[in-house]
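Have a look at the structure below before the remarks.
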């Protein structure tokens, strides 16, 4: 597979909750090795879109492919879609890691236990192997020294780094981040963003829903701007940020500049 | 009122037996109720529509009627339905069926209180439904409801007194019998009240101790 | 036959409702006093309140009823079973209601009290106009819940000879040799009363919910 082959493709993806339409006609290609940032005002549907990629929400229209394979629904012969069996969904999901806004660490397990759990249950590793692997992963996010602590004993930033280690331990091809710093105190966002920055430098394929415009401008390569459930515009970071042609985007960015966010671009 | 300490001394062996039966009924009924309640709560959640319907009705009936009436129905009505139970058996079964409904409600609340994201995180790393229930939901739910479980256990100590009415020879029955044999009702029931007060305070202390020890897993 | 039984137990139901209503109402008033004692700045009162709650929540209601029923005559006060039953239920529910009230008071946000202080309300005004109304709204569901528990617990007054639903059902069972029917009807009465109570409680709750604290 070439480095810039499609990691994820979306064709005509839409999502409604009952009468409430959240996403409309999303066509999008996410390439391997790239950091894609989904931006947009709250309620624009960016988190729902990300959750559809992991099939945590079921998209009501269109086809999503992860590493070439259809996720959740496959095109049917009659032109419609057919629901794939849970086993197939689970198999496709193995390509993905997910990092949540609320961390979602399991409170009854230590940091090490959180990372080792799926290695033991899904990868069927024995306890010692799984824990050694988990410890290495915690080391990677700079938290090996907190391995024996429970989530309630860790700061928010540390919890989120454990959650990143938990996702990475399963060796996903693509990591999805759902507003990973939004529930953190401002002084704790830095440690999480720096782990993510390191991950990007290692060439990980990342899809990031974020309000951190600075991060998007520095680390993001592919920027997707959503508004009212549609893609308003997408492009390379440099084009999007330096000359925000669309008035909605310009207005959106301005609110961040007003709050002191810097828009320093990648060299 | 003439209070005779010798009377209490003479009846100490009987009192000890009554106390033992009280504790036996309490722990036996509570733990069986706990297990049944857990099974009920799991079946209500994952057992499909009919199981939910039937078990909702069971829980509603047990929680909506007095324990005493349930015991009467079981002990006096049982023989007419082919269920001829000794008082101790009826008491244990009654306490189990009664407490199971309350435990099931506690467990239901616990399952509902687990953030959806904890399950989503498990789904995302590839855990199966059975693994999620066993490794994530059950342990997390248990920690969430532990204070309520401990509280329920201490409440159930007091419920065992009701078993005396269907002649289970537990503490209340033994002491009131001693009281009536010696025309010393007031003394006997006062002694009884103080005994229960002590038991309840002690179980409460043990409960708080257990809760304190588990504080480390406090849910965020 | 069945209908006469149902009607017969209806008399017991009136007794059950009557003693429960008296106990829950008087118990609430007593609970307010006990709660006030527990939150009082005077250490002695606090201790007294705590001891009251601990004792009456620590002794099974059945034992409490037996104690009052036997103790009052022993100290020269002769009261009928109904009065002993009401006293027992009241003293017991007051302990639970005091604890609920205390929880309500402690849950009134300190910010609300600070805001009241900053606009110049004095301690008495803050208590009567801010803390008390909010606490009462907070504890209302707990009061309904306590009423349901009390209604069920009142079945124990049958042991001191009060002719409530349960006592009537016992009499019916022994006179007709039909215990299953008798106790099923009794259970149905309690269930019905509880459904009415909780239904009425939650619609009242909704009305209060408009200005939820």
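Read from first to last, the chains carry the letters A, B and C; within each, the first residue is number 1.
Note that a residue touches a chain if its C-beta (ideal position, glycine included) is under 8 Å from a C-beta of that chain, and two chains touch if they have at least 3 such contacts.
Keep in mind it's a predicted model, so treat the numbers as computed, not measured.
Asks: For chain A and chain C, what is the smallest step count along a path of chains that touch one another?
Replies: 2
Asks: Using the stated contact rule, I'd like to know whether B-C or A-B comes out ahead in C-beta pair count.
Replies: Answer to which pair has more contacts is B-C.
Asks: Using only alpha carbons, which chain's centroid is the nearest to the whole structure's centroid?
Replies: Of the chains present, the most centrally placed is B.
Asks: Find the chain most remote from chain B, comparing centres computed as mean CA coordinates.
Replies: Chain centre farthest from chain B's centre: A.
Asks: Could you grab the centroid distance between chain A and chain C? Build each centroid from C-alpha atoms only and quote it in angstrom.
Replies: Centre-to-centre distance between chain A and chain C: 53 Å.
Asks: Report the inter-chain centroid distance for chain B and chain C in whole angstrom, where each centroid is the mean of the CA atoms.
Replies: The answer is 21 Å.
Asks: Report the inter-chain centroid distance for chain A and chain B in whole angstrom, where each centroid is the mean of the CA atoms.
Replies: Here chain A and chain B have centroids separated by 46 Å.
Asks: Which positions in chain C touch two or more other chains at once?
Replies: Expected reply: no residues.
Asks: Considering only the defined contacts, which chain B positions touch chain A in the complex?
Replies: Touch residues, chain B against chain A: 115, 117-118, 120-128, 131, 135-136, 139-140, 143, 216-220.
Asks: Touching residues of chain A toward chain B in the complex: what are they?
Replies: 54, 56, 90, 93-94, 96-98, 100, 102, 104-108, 117-118, 121-122, 150-153, 159, 163, 166-167, 169-170
Asks: Would you pull the chain C residues touching chain B in the complex into a rising list?
Replies: Residue positions touching the partner: 54-55, 57-64, 66-67, 70-71, 73-75, 152-156, 158-159, 166, 169-170, 173, 178-180, 183-184, 186-187, 190-191, 194-195.
Asks: Touching residues of chain B toward chain C in the complex: what are they?
Replies: 1, 60-61, 64-70, 72-73, 76-77, 80-81, 158-162, 164-165, 172, 176, 179, 185-186, 189-190, 192-193, 196-198, 200-201
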